[in-house]
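Per-chain residue numbering starts at 1, and chain names A, B, C and D are given in the order in which the chains are listed.
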Amino acid sequence: MFRRVELVRGHWDPNDAVGDFASQVPAAGGIATFVGKVRPDGDVEALELTHYEKLTLPGMEKLADEVAKRWQLEGLLILHRVGEMFPGEPIVCVSAAAKHRRAAIEAVDFAMDHLKSNSWFWKREKRAGVWAWIEPREQDHSDLARWKD
Amino acid sequence: MFRRVELVRGHWDPNDAVGDFASQVPAAGGIATFVGKVRPDGDVEALELTHYEKLTLPGMEKLADEVAKRWQLEGLLILHRVGEMFPGEPIVCVSAAAKHRRAAIEAVDFAMDHLKSNSWFWKREKRAGVWAWIEPREQDHSDLARWKD
Amino acid sequence: MPVTLVFLGKLADLAGVDQKQVEGPLDWQGLLDELHGPLGSAARQDRTRIAVNGEVLADKAALEAENGDEVALLPPVSGG
Amino acid sequence: MPVTLVFLGKLADLAGVDQKQVEGPLDWQGLLDELHGPLGSAARQDRTRIAVNGEVLADKAALEAENGDEVALLPPVSGG
């Protein structure tokens, strides 16, 4: 299985990454992708994602292991931006290639739920020049609960 | 809501289409995408998708109406190739842009299930120089049943 | 201008043509009279649908086509 | 080389620094003695986790760090 799991430290284009990924998985019948962006929500001026070197990327690798174990994939791409970014900029890109459609879509869905609520990222937003840390959201925990066996 | 629903008649790059689509939905927090290709399965030499002018595209438009009614989207892209194509070539691309992740992913999942089993396409494959029509698959009907209220 | 019959998918193979003109008016029995052998059997199958000018009939036995109409014979879609 | 404390997320704001060196060995009580005011309260919260050299402790009260170790204080991740 082709696999690419990385932290992205500067400006990037997830669409290019997905194009490269697609060329690596010629045997796949389908590729599902999710790209998350900094929502241009009213008054958010900037967003900063902090990570912890010793946990964040290793945690993403473990997540990739689990996704690869649960679904039969031809390829898996997990890219997550860190640092300071602005509304409209991409934060995360997950892409899964599989022989069958459902496997690809479910793998992306699962990886996104876990990246969002169970990965070592701390997020703060700047509004009106003031930074504030984002607390966990209840929605993320209910998203995650969907995958409990 | 931005919306693009089309039949594609020649060679195409879904990744370019998704890139264009993304630029049309600046307010979206996330974009989910599925791209289906002609599976390079052993001995399939070519695949031909027949459509019926008076039903196929109108049916895809109706499907887009239903998706837009069920989920709050910023944009919806449904592209489906017709004609003769070869293993590895893209057949279908569905992309949904939404404020929230789950809406985008579910909209794509729903649209794919309905495109695959409930749209006016007839498919035949060429193996060892001989064309044969593809019959409906049971799996498609069970995929579709997931969405019944 | 007569009624145009349009054959989709494998029905085009069975008909040997994609389209055929027949004189209207055309009802369900009249259509079956035009379709011989395996093509007639395929048309009778429950899962084969009929559309008139792009409207799929709920009950194909209710077919009533006039000259100028387009009658499409639709086998089950392929899926997958 | 002493123990390195690493403060993540809002704990870095409360600490006023991202990192701090303290003399080992360091157990849970020793760590709390280093963390004053709101930082100490945040560290005590159930949802704040502790990692030693990249291994998250199941029970943070079992902390046993030696000189050279890196002890990270991890508030709840942000999600969304």
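Going forward, a contact is a pair of C-beta atoms (placed from the backbone, for glycine too) under 8 Å apart; a residue touches a chain by one contact, two chains touch by 3 or more.
What you are looking at is a predicted structure, and each value in this text was computed from that prediction instead of being measured.
**Student:** As a test of understanding: of all chains, whose mean C-alpha position lies farthest from that of chain A?
**Tutor:** C
**Student:** Please report how many Å separate the Cα centroid of chain A from that of chain C, as a whole number.
**Tutor:** About 50 Å, centre to centre.
**Student:** Distance from the CA centroid of chain A to that of chain B, rounded to the nearest Å?
**Tutor:** Distance between chain centres: 23 Å.
**Student:** Can you give the whole-Å distance between the Cα centres of chain C and chain D?
**Tutor:** The separation of the two C-alpha centroids amounts to 75 Å.
**Student:** Please output the residue numbers of chain B that touch at least 2 other chains, ranges allowed.
**Tutor:** In chain B, residues 116 touch at least two other chains, as defined above.
**Student:** Which chain D residues touch at least two other chains?
**Tutor:** Residue numbers touching two or more other chains: none in chain D.
**Student:** Sort out which chains touch which and give me every pair.
**Tutor:** Contacting pairs: A-B, A-D, B-C.
**Student:** Hey, which residues of chain B end up touching chain A in the complex?
**Tutor:** Those in contact with chain A are residues 15, 18-19, 22, 26-37, 39-40, 88, 99, 101-102, 104-105, 108-109, 112, 116, 143.
**Student:** Where on chain A is chain D touching in the complex?
**Tutor:** Those in contact with chain D are residues 50, 52, 54-55, 58, 116-124, 133-137, 139-140.
**Student:** Which residues of chain C touch chain B in the complex?
**Tutor:** 6, 8-10, 12-13, 51, 53-54, 56, 70, 72, 74-80
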